[in-house]
Every structure is written in structure tokens, then in C-alpha cells.
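Paired with chain B in one complex and with chain C in the other, chain A is shared by the two complexes that follow.
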Partner chain A sequence: MWRRSASFILDDERRRTSNSPPMADNTTRAPFQNPDAISAYYQTRAAHHGVITSDWLAQAQAAVGGGVSGEENSDSSVSELGKDKSFNVIEEFNGWRKQPDLAEAVAAIRALAAVIRASEASTMMELEIELKKASDTLKSWDKTSISLTAGCDLFIRYVTRTSALEYEDFNSAKSRLLERAEKFGEISCKARKIIAMLSQDFIFDGCTILVHGLSRVVLEILKTAAQNNKLFRVLCTEGRPDGTGVLLSNELSKLDIPVKLLLDSAVAYSMDEVDMVFVGADGVVESGGIINMMGTYQIALVAHSMNKPVYVAAESYKFARLYPLDQKDMAPALRPIEFGVKIPAKVEVEMSARDYTPPQYLTLLFTDLGVLSPSVVSDELIQLYL
Partner chain B sequence: MPDVQSMVLEFVNKLRKRKIEGSQATARCTVELLRSVISHHRVPHANQASALIDAVKAVGAQLVAANPVELAVGNVVRRAAVAGLDLLDASDDDEDVNGKGIGYPAMSAAVVAAAARSTLRPPSLQTLLEGTPESATAPYTSSSGADSESKTADKSSITRKLKHDVIEGVNQLIHEIAGCHEQIAEQAVEHIHQNEVILTLGSSRTVLEFLCAAKEKKRSFRVFVAEGAPRYQGHLLAKELVARGLQTTVITDSAVFAMISRVNMVIIGAHAVMANGGVIGPVGVNMAALAAKKHAVPFVVLAGSHKLCPLYPHNPEVLLNELRSPSELLDFGEFSDCLDFGTGSGSPLLQVVNPTFDYVPPSLVSLFITDTGGHNPSYMYRLIADYYSADDLVM
Partner chain C sequence: MESRRNPRAVVDPKVRQVGFFTSSQPDSTHQPDPIASESHPVASSISPSGNSLSPVMIPPPRHNSSDTFPLRAAAAAASAVSPSSFSYSTRRDFPDGSMTASPGRVSRASFSKPSSSLPGVGMDSMAAAKSSSVPASGLTTVSVVNMPPGLSEKESDQKKNSKPLKEKTTKAERRALQEAQRAAKAAAKAEGGKAPLVTSGSVASTNVKAAKPVKPSSQKNDVAVAAPGPSEKKGGQTEKDRKKDAPHPRMQYDDESRVVKAKRRAVVKQTEAKNRVELFRHLPQYEHGTQLPDLETKFFQLDPMHPAVYKVGLQYLSGDISGGNARCIAMLQAFQEVVKDYSTPSEKTLNRDMTAKISSYVSFLIECRPLSVSMGNAIRFVKNRIAKLPITLSESEAKAALQSDIERFINEKIIMADTVIVKHAVTKIRDGDVLLTYGSPTAVEMVLLHAHELKKKFRVLVVDSRPKLEGQLLLRRLIKRGISCTYTHINAVSYIMHEVTKVFLGASSVLSNGTVYSRVGTACVAMVASAFRVPVLVCCEAYKFHERVQLDSICSNELGDPNAISKVHGREDINYLDGLTNNANLQFLNLMYDATPSDYISMIITDYGMVPPTSVPVIVREYQKEHSLV
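Showing the complex of A and B:
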């Protein structure tokens, strides 16, 4: 009753779920829904970060078990062929996404490539329809992952446009699509290298960089700077509950970069000795703001109030068609938090894994499309979807 | 060719010794030099347009190295290269029409044309999955090599036409640079209203023309001119304004904050505008911008299109600045004893720093007036995307 949101859609949903009878059984939900609203995306990130608690394990197993049995039990809503394919897609996707160095969007595109390979379609139109179905399945399975949605959209878009180029032979078109999908992994790696190169000028000798979260792109940037013999030091936030700070400091000390760990609450205290803030992004939204690990908004606010630049490193395929009006205006992405001690039953825990940083607190975005100011993002998105 | 070489070297010398002042003069001289380079350059048969562009870029690199702080040089070189790039698109389509007759294998016309277009498309979200365009440019050399034997006469006429077109483009650029003052001044009457007080700093020809255009349209207003130490160019501007009948008040730079609450608008001319909307202006404008922000006074920047630079500044106060002679601040005769190499550290106890430029971050600017109209600082990237090609944006 004390929650008011600028988003009337979210309010509507909340009202609806509170009115409907509570569901007791996982399997009665829609077959491709991820049960318990635990965000699979953030669970995977936690797995990559190597922080596995017993609670998390139990929930993950329940989620996988519930999901599989749910799919096996469903029969009416999905046709036979569709069900087989969808089952394949999600399995495939999960397989790819477990690899720690692979970007989420790359995993999605590889899964869709597997759909193309297994497809028995004989025309472009049929193939497109199958891909659309598979992509919708993936998207509905994990509503919280922006790279997943963006990657699927990008690939479908590319397929639609390629088929318009009048390839006479369907098989050659299909093989070209497969080839492009395989190449996307390389594109993603190349994107990271381009971003690292673009941001080198902004790191000067003797600077202090504050980093939040464990972004592979930011790590690449710092690695390249170290290889170019720049002298700088890094402050990293602890990043509870994922423990990203310790992992990042491990990686950086291997590169001989001086690192200092901060509590998340010590950011404002240390902000005056910081020269710039570098963060990655889970998604870049239409307004030019970013969605990233919980705590990014806080750090951006502090940096802005002390006139420190906030630089975001994000590949271009993370641009998404979202426009959050406030922090709660996104699909909820929850993940369990270990406090180490038992919490009384009546106490609620804020389990959201991410927050939204509005564009006015960001200085520049480094993407493989070049250095952009936040206002350029919507322009790029318009070009893509026109 | 040797004549052109000596011209280039002479210009490089002038730039290095800072003999040419002002971005408009520099831009105009640079474009004229590039025009002579293009007209004298002997073009090979294959890949003509790209050879021209490479020649332009080579000369441009020399010029930029001579004076890296004068951003107009780099801007104008890139614009000239873009004029050539547009023609590259057109000429390759022509060659493609010729090449089809020789039976180029397997690729349909649509695919080849699409590949041609993709060589010039800037990196964008759309083209993310398209893959590298390098593979597409290779076929062109082979096709143009194949028909060069049969059509040499046609080729030389194509060469002449190509050069003519590029020089047309460059002439247009010169015309634009020369005409920027009038186009900006036309917009004056929309921004300056009756009985207003305008503050300006230093001396800028664009600002002078802007204010006079408003005066001609019978607006009566007053101008405060901050003198712009240490060169005191504000004094010259004040004289010119009085000669044209405007009521002018001269103030010191330090008095800007004191007077800003009485001012309706601050108008200054920029030396260069960066891609993020930041402004490089004469020293003292950052102070005026901060004062204007504090009192919510609109801060308007006038800039011709040759001042738009596609680079993002990462340390503009140091890297895009120039330190001039300390004699402008202190008279050497009086201070010579302080400037002796002191004891201990080996450097003089008295240091004089005389920076030429100031950087104003985009958050302090209210409006940019260019020859295309008035724009938000966050819109500058669009103008830059329109004027420059993608290569300059990424690399």
C-alpha cells in the first residue's frame, strides 16, 4: 500500500497478482515461465563469480526441476514441433550461457543458430517464423536479461533484412546466416577490443579509477591500459552480495595494477581521491541511461555531485528498447542474499539485483560504435528499428 | 608537383610559427592549399577517388602535426576527404556497371551494390552482423584493372571529371567557410530583444557581425565587453561596436561575476566545438560560463561549421591548450631578476603561465548558433555525423 510507481503498467500488474489466488505449484504456471521470479541472468552471473551458497543451489535446482517438469506436462498451448524446438532452444542457451567468457547475447545468437541448423524449413519465411517463435520462447523464459532480448531482436532483425537481399538459393542464404551467427562471437570480442582502444586516451598517468561490478569489458580496458604501461590505480567496491570486488582485485593484481578494496558504503568517503568512474552495463536504455548491478546509481549520484566523470563501457548490442521511468519500472530481477545470520521471518529483504542510472549522471559511453554521449543512444536505436 | 610540395612546406612553417591567427583564416588557407594539391595530383587508373583521398589525408596529417591545437585544420581536411568519399561511392558504381559486362563471377548485382554501400556506412547497430567490408573492396581493383586496357580514353575523361567533382566539393566548402558569418548573423534578430544587456568576452568577428545585424534590425540593446586580458582584444571590439552605434561598457575580466546579475545573455565566439558539445574558447570564458550558470543567464556560443570537431576531449585544459609568451603578462625588463635560475631546484622562483584557451563543459552551454541554426549541446553529435565520415569518428 505504500508503493507508488510512475509506471501505471507495473501498478496494474501488482494489483492483478495481489487479486488473483496465489499459486501453490510451480508446474501450474505457464510452461516457459521461470518460476519464483528469481532472475536466471543474475544467477548465471553469480555462478560465473563463483559465489554459490547452499540456499542458491537449492533454489536453482528447484527452478530447473520445476521448469523441465512444467514443459513436459504442458501439451495444449504449444504444438509438437514448436515444443521440441523450444525445449532445444532453452537447453542450448543454458549450455552456452554457462561459459564465463561468453557474452549473454552471443549465447542467445548461438542458440538461435542451433535452431536454424536443426530447422527443416524450406523457405525463408518459414525459417523466420521458427526463429521468431524460438526467440519469443527465450525472451519469455528470462524476462530480466536485457542482453538476451537485445541479442535476439538484433538477430531476427538481421535475418529479416538479409532475406530481403534476394538470395536466389535458400540453402546459401541459410548457410550465410549460420556463418554470421558463428562470427558474432568474434564480433563480440572485437567489440571489446575496440572499446578498450577508444577509452585509452581517457586514462592518464597517475589517475585513480573507481570500478563497480565485474564487467569483462572494463577488465579489458584496464588490461589494455596496463599493457600500454600507463600508471594508474584502481579502487573497487566490494560488490555485495556477488563479491565482485574480490574477484576483480584478483584479476587486477595479476596484472600488477595497484588495487584497493572499498566497502560499498565507503564510496562517498573515497570519492574525492577518485579521478573517474568506470562501469559496465547490463543494458543501455533508450533514454541513454544504463541498467547495471545494484549500486551503480548510488555511485553515479555521488560522482556527479563531486564533478567526477562516469564512463560506461558497453557493446552496442546491449542497446535495448526500454524506457524506465523510475527504479521499479522494470521486470523485477531478484536474487537471494546471504546475510550470514538468520533473519527474523517478518523482515523483508530487498532482493533486486539491478538499478537504473538516468542519463544525466553519465558522462560518456564507450561502445564499439564509437564514443557516444548519452543522447546519441536513442538516435542509434531509431536507426536500427526504422 | 614540386611546386605543390613547396607550397605545403611553406604553409606548414606558417602553422608551426603560429603566423596565421584565427580559425576562419586558417581553415580557408588550408582548403585552398588542399584544392591545389588535388588539382596537381596525378591520379592512377585504379581506385582514383581513394588515391585522391589518401593524398589529401597525407597532406592533412602534416598540417595537423604542425599545429595540433588549431582544430579547424583537422576539421577541414576531414571535410575535404568526405567530399572525395562521396564521389568514391559514385565512381565505384560506375566501375561496377563497366565490370558487369566482363562477367564478374557469382555475385548478383544487388549484393555487389549492397557491399559497395556497406563500405561507406558508418559502424552502426544495423550493420553489426554484416561483417567486415574489406572483402568487398578487393573485387573493385580486379574489375577496374580488367577494363582499363580496353577503356583508357574513357578513364582519362573519368579522371578529369572526378577531379572536377572533388574540386567542386572543395569549392563549396570554401564558400561555406567564407559565408558562415552572414548565416549566423541572420539569426541575431531572433535571439536579441529590445532593451537587453548582452555580455561578451574578448573579440570575435562572428560576435561583432551578430550584434551589428541585430542593431540593423532596429533593436536597441547594450553590450558589456570583458576586456580579455592579457591581449585586451575586448578594447578593439568595444571600439568597433561604438563605431557602429552600439552602447558599450568595458569591464575587467574579474568584474564579470559582479556584473552578471545585470546581464540578460552571454554571447561568445568559440575557437572550436568538440563532439560532446564542449567549447574551446578564449581564456576567461569558463569563468563567464560558471557565473552565467550560477545566475541562470543563457550562455550562447556562436560557431561556424568549420569549428565543429569530431573528437571527444579527454584532457582539454592541457592537450588542447597553448601557452603563449609570458611577456604579454610581465614586462621582462622589470622582472628579469626574478626570472634568473634560482638556487636549489634549478628553476626560477617566478613562473608565468599564459594559456590561450579555456574549455567550457557542455553542461554550462545553453545554445549553439551555427550556420545551420540554433542547437542544443547534446545535438552536436548529429551535426558532426552529418559533416564527417565514420572513419574519423571511430579512429
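Showing the complex of A and C:
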């Protein structure tokens, strides 16, 4: 059966051509790119997972601006490139990213807003070109991060989609653009709080929530629920290879929420006692489905077959103009997996770090635009991109 | 989304309403602007098989409320008369095609219809010259339905009920009517062929004349084909015959010239096929084959018809031009010719006269072949543009503006839309793919050819079906370019589906609930693909989207030539059914379109990008907004 899958043929070719397929892309990337085979996005995620534990947060608050960061080795090369520009968007970006609580896409949005502010362009066209260039730079920093790409694209569409562009006076148009940019940045920053507030109605006393992956939005939701004195308990999946389960359970136990850790394979076993499933999203695609950490699709399938609702908490800047038809229809994002023991050389390992969950298995999306059904994502995108 | 088990139902989650609720008016078909609205119902009224007619969109005749009473009584009577005429009026009233039935509901609905939109009508009458007429025809339908049975031995009560209508006719007209009908009856007894047609043609015209005072103005009814309906009605003697030959829903109109033209043509062609499937009686079906030579000889005689339009009509009739885009482009180019040769007659304004002319040409085209949805939308666009022409423009300027508008429509909405669709679709084709396609959709052909140019490695499976065998044309064109293809018939689709990776389909239209209205057989292919978990991608330009909703393939469709089914071309040995077309026990059904539910569609590729089927109403809404601004 798998002979008919296109991916089989692709894998075949890849194996035939060379032994280091992931390396092939790197040579074509821009110099300040991540030389490593591992997706930068997942590297930062791993780093951030380590970073956002509350102990660390406390330290970071004290030392904000001190330059502590979990960033990877691309920084040095980045700053070299940026020297020739008077205003370096990457520097700005990294500056924003130093705030540990901030999502990457939000940092990018803030950086782009700063580009507008610092721009010395005198015509709208020039400004738009500058924006485009800055956004391309940011996007190329990590090509596999959907939220980064989507955030940049949405920002540009949102900001330039105003009749203010037709004003004769460039300065007023620019200030209008800046206004919209700031607003977008504000919304994105506050997105998590809005989502947490919206989802409170769905968590009732005595419920059991299954959580997969370590999403800061979901964490925010659970924190808020605990603060509102709701009684509930959480089952976390182990989340190999990122180890998200352990981290999440640490956090939740600090909030005095009863937590139970599950093996990834024990999800179907425990699904009976679960009332709802909460996941975050790396990206929300046009069909209404989500791209998230590997294992989400599995859990959604099990939940759907047992009639349990699956709720996705995603900010609106994650809406991307992608439309995967199947699991292999996305840009690959690979992540090495530690098995603990040595794997023989002839054995292949599925290294993809994320999967696609089609919209029919999702119940609702909690976004800062409101509580949406999956078909609304396309509605929003059409309105913005029309 | 199906409802999930949620024991403690949330009190008031902030659920956002999207789709139809976010626009300022809940019914996007009800517009505050009557001018714009008129072109709306116009186009829909002139494409009977393609679009169902929503009575709420159609301004009712400019009656005072006293006339609604006869309508109601007549409707009640009509509903009592025969199921087919009854079903007709229900079809009129329920645009979504659901034929729920209770006489009370019919009359109530038809009663409310005029009253609810009366204020709008007042404005419409001022604007005039816009074709909108179907409720007028609704009235006429009822009246015509009533009058013939009123004369028969059985329905004396109908006579009583239709009396309020008849009060409007003068004595002389009524006498003329009776004589004509008596004559028709006698003639029909003698010969069941042409005579009733002719006499009934005259009867129809008198009928229409009688009905004329009932309806105030000469609002053009674009839907054609007059005489055969009433003729059959008059000719049919027994109750059963009368039921069988129920009046054709779209035959009544008030315009003299239209009736005459139809009568003239009715003698030549459009003899209603007698042997029809019960379920599809609401769709027109005619004897094919007789019209073409006659029409060809008449090429130089038809004064009111522009030769370009005539030519296009003949091409439709013979099947030379088929396919949504081709038909639409041919029609629009004919209209460009019309505009070029047009000169405003004295004492008429360009807007109104041009619109009237276009409507008459459209009705001719409908006689040749019912409109496709793409053509309906294009006609709506053209009429919209004509209506929006500023009065201050001189004739030549207006003509130039119109021509360039039509040119722009063709370029933007069809040609460039196709390039955008191709650009999106090729991103979904990967090396090693096995692509299945059905029939011969132009958009899909362009996608495949472009993907081949981009040196992608794939092979194509062309599925074909009788009687049109359109897939063979696609096959030839693909092979010429060197794409490796497999060809099979639709019987084998479940056999080969296991090796297919993607299915590309074309569409005649995509409706608001995501249903894809396409060549018959498409639904079959899509369902089998979905059962095999193969993604189904539909390529359709956005101008073909329509805001109506269709739940099945029955309520709105097109019937083709039954002889095409009975005869197998080139295989004399298996022509068992040849000559059985008129057998009373055997009915042939040659459907042209079918409706594929949205559950089987994975994505729709349009010039607005790749969207899920649930986003079609959004695009329709945005599209209309765009048009009202333009």
C-alpha cells in the first residue's frame, strides 16, 4: 500500500542521491542561516522549553536586558551581516526575543513595527519595499517556523490594507501605518491573555483535561483557570522527544493542579476518563487544520472516535496560507531523536517533528479573534488577502 | 462540526458568527439598491436550469394587494389541479429546491411574496426595462394552468376560482379564448402533432393577451419556449394525459414578440418529448435533431436576431461549443459584436433598449440550450454594467465602455483567473503523483500541461463516460504533449482508484453550501476517491460561484438528448435500444449535470487561492461586494 504514497518515492530518491539530505538545503541558504541540520525553530523551542520554567522566569525578570538567552550559534554570524544597515531588523528582533515570555512571531511583529518607525523612506512604495525586505530577512532566519512566516505576512497585509495609503500626505499615511502596526503588536502580545479569558467558560469544575505538547498559550489558560479557583485535573503526555510532559507537569504542580503523566502510547487507554483535549498550534492552516508537535494528529483521531472535544488554542497571527493535503505536504522540519541506545546505521528514523491535523477532528479554535470553528480560518484569511 | 458531548453546556461562549451573518444584510440577495437588485433576479430568471429562481429576489408584478387574492385562490386551485403544476409553484417558492408540499403553504408563500416585496416593486416599476418577471410568470403560470382545466369537463370549480382573474379580461377576449380552445381541442383530436402547436400558439397568444391586463407592464420574461406547453395541455384529453403533459414551467410570458417568435420557432423545433421520466418533468426536454437544419435555413431571415448571437446559438445546439468557459466566452464575444453594431433607436435610452435586446438574445440562447451558471453570472454582469452606464455618455462612448468592460471581464475573470489557478494547483503536484481527472475540464487541462512544462514527473488517468466521451479530447491533447496517460471508463473507477494519489476535477459551478455542480459522473468519481482517502481538488474560477444552494441533482439540472443513450455510435451490433425511445414502458434519462456534496471535496482552487469548500459563501459575498463597488 505504501508504494502508492508519493512520499515513499521521495524517500527512495533521497536515499539514493545522498546520505545527508538535510545538509543539501543548507548550502543554498543565506550566510547568516543556521548551519545545523536541525530546524532552528525546534532548537529554540527546546531551549525555550528549558527557559520558561518559572524558576528561570524569576531569574530572567530580575536580569532582563542582561542578554541571557537560549539562542543558538547563529547570532554571531547574524550581527556580521547586519553591520552595513543603519537599522538592523535582526538586532531588533533578537532584542525582543530576549524577553523570554514573548513568542517569536510577536517579536518579529514588534521588530517590523520598529522598522516602520525608524524608516527614512519618503514614499509609500519605498516604505513597503523596506518592510518587505525586512520581513524576508526575518522569515529566512528560520524557514520552517510557520508562525514566524505567517506572522510577518499577516502583519504586512494588515498594515498595508488601509485606505490611508491613498492619502496625499505621506506622513499621515505613515503614522496611520504605524498605528496599525502598534495595534497589531499589542493584540499579539495580549493574545494569550485574551485566549485564556475566552476559554474559561469551557473548563468546568471536576473536568479532566488532556494536554499534549508545551504550549505557552495552553499553560496560560490552565494558569488562569487555577487562579479562578476551578477544580480540574490535567493529564499530560510525555511528549517525546522534547520531553514536554515533564516540564509541563513541573509547572502545573507548582500551581497546585493535580497532574498525571502518560506515555504517548497510553493516550487511547486514558481517553475514557478525559473530558476534553487542549493543544496549542505551531500554525493554523487555511483548511482550518493545525500543524503542531508530532502526536497531535494521533490524539485528535482518538479523541474524535471517542467523541471528546479537541480545543486548539492559537493566536491569530498563526493563520497561514498553507493547505496541506496530507502529512507529507508540508515543509519538513526535522529533529533528531535520542533513543538512549545505539541505532544500527541501516535503520531509518522518522525525524519529522510535527504533523498536520485535519479540521474535521478539531472542535473549536480559541483565538484572540474569538472562539472560532475551523472553517472560519479561511474566512479570515480571504478577507485579509482579498 | 457535529455537536460534541459537553455536559455542562457553556453559558455564553463568545462565539463569533461568520459567513452570512457578518455582512450587514442577512440575506445577501436582498439589496437596498433596487437597480442592482434587478439585474440579480434577471439573470437568475433567465437561467432556469442553471439557477433556481428565488422568488424573494424577484420583484412581484406591480399589483395592488387585491390581485394577490386571485393569485392565492388560483394557487390553491392550481395545487388542487395536478401535482405537476403544483410542484411547479412550490419550486418557484422554495428556491433551495426542497419540494415540501402543502397547499396552504403554497398559497401562503405566494401570498406573502408579493406583499413583502411590494415597496421594492414600486421602485422597480420606475426603473423599468429590466427583465424581472418571474412572479409575473408565476401569476401567468397559475392563470394559464387554470384556464384550460377550467374548460374541461372536470374542473368547473377551477373556472369559478379563476374567475377573479378572468374578470380582468374583456368579454371579447374571453370569447376568443374559448373559441380558440374549442378549436384546439377539435384539432388535437384530429392530429396530435403540429396543429395543436399552431393553434395553441395562437391560444397561447390570446391567453397571454388575456393575461396581459392582469400583469401591468411588458416586463420581459427571458425564459422561452411557449407553445408546446399549452398546446399539449389543450391537446391532452384525459386526466392522465393532462398530467403527463403538464405545462412547461417557463413558457408563459407576456411579451408579444417573444410569443410570436417562439411560436414561429415552435413550429420548427422544440416539440416536447412525450416520453419523459416522471421525476424530471420540471426540466425541459425536447426532440432533438429537427431544429438545426431549419434554423440554418432561417439564418438570413431572422431580423431581430443578431447574426453573431444566432451563430453562437447554433453552435450550442449542435454541441460544437461545450464547457462552461467556452460557452461563456463565445456568448460574451457575441455580445461584444452586438454592442459594436448597436445603434439606439429614437425615443429610447441606450440602457433600457440595450438591456431589452440582450434579454431577447439570451432567451434565444436558452432555447438553443439552457444557460450554464457561468453564462448566467456573465449575463448578470453585462446587465449590471449597462445599468451603471452614466446617462451623460454619448452613444459611442457608452458602446466603447461596454465593449471594454466585457473584454475586461473575459480577461480578468476567465483567462487570468485560469493562470492563477494553474499557479496554485501546480504546487500540489509532486513527482511520482498519479493524477486522475474526469471528462475534459479546461482548467485541469491547463494545470496538467503547465506541470508537465515544469518538468514534474507524474502520470495521468483520464476517466471517461458515455454518451459524450469528452475524455477522449483531453486524452489526445495530453498525449500530444508527451504526458503518459491511462484511459478508462467510469465503470472502472473503483478498480483503478487504489493507485491514484490525487484527483483533479473541474466544475460548472460551486454553490454556496460547497456543493460542486459539474458534469454528470463527477459525483461518482469524487465519492469513490473519498472512500479511498484520495484528496479531491476542484479547479473552478470564482466567477462561476453561485449563491444558491442545491441539495440534490434533481431539482435543477439539464436533460440531454435521450437518443444519445439509446444509440451506441459505431457499434451496430449492440444497438438493442435503437428505436425504443417512444416505447411507453421505457424512458431514457440523459442528465448533463450532477451535484457533489462538499464532504467529498478536499479543496477548491480558485483565483482567490486554495480554499476549503466551506469558504465559498465568503467568496460569493466578497465577489458581490467587489462588483457593487466597481
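The working rule: the second predicted complex is superposed on the first by the 259 of 386 C-alpha atoms of A that agree within 3 Å, B and C clash if a C-alpha of one lies under 4 Å from a C-alpha of the other, contacts with A are read in each partner's own complex, and residues count from 1 in each chain.
To be clear about the criterion, a residue touches a chain if its C-beta (ideal position, glycine included) is under 8 Å from a C-beta of that chain, and two chains touch if they have at least 3 such contacts.
Worth saying up front: this structure is predicted, and the values here are computed from it rather than measured.
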Which holds for A:Y323: it touches chain B only (first), chain C only (second), both, or neither?
second
Contact-wise, after the overlay, does A:F278 reach chain B, chain C, both or neither (first, second, both, neither)?
neither
With the two complexes superposed on chain A, say which partner A:F155 touches: chain B (first), chain C (second), both, or neither.
first
Between chain B (first) and chain C (second), which, if any, makes contact with A:S287: first, second, both or neither?
second
With the two complexes superposed on chain A, say which partner A:S375 touches: chain B (first), chain C (second), both, or neither.
both
First, second, both or neither for A:I187, with chain B first and chain C second
first
Is there a shared patch on chain A that both chain B and chain C touch, and which residues make it up?
198, 201-202, 204, 364, 369-376, 379, 381, 383
Within the complex, which stretch of chain B touches chain A?
108, 110-111, 114, 122-126, 128-129, 131, 275-277, 312, 314-315, 362, 378-379, 381-382, 393-394
Interface with chain C, chain A side, in the complex: residues 4-6, 9-10, 13, 198, 201-202, 204, 275, 286-288, 307-309, 321, 323, 325-326, 329, 359-360, 363-364, 369-376, 378-379, 381-383, 385-386
Report the residues of chain A in contact with chain B in the complex, numbered from low to high.
154-155, 157-158, 161, 165-168, 180, 183-184, 187, 194, 198, 201-202, 204, 316-317, 319, 364, 368-376, 379-381, 383-384
In the complex of these two chains, what residues of chain C are touching chain A?
1, 4-8, 10-16, 18-19, 428, 430-434, 498-502, 535, 537, 602-603, 608-612, 614-615, 618-619, 622
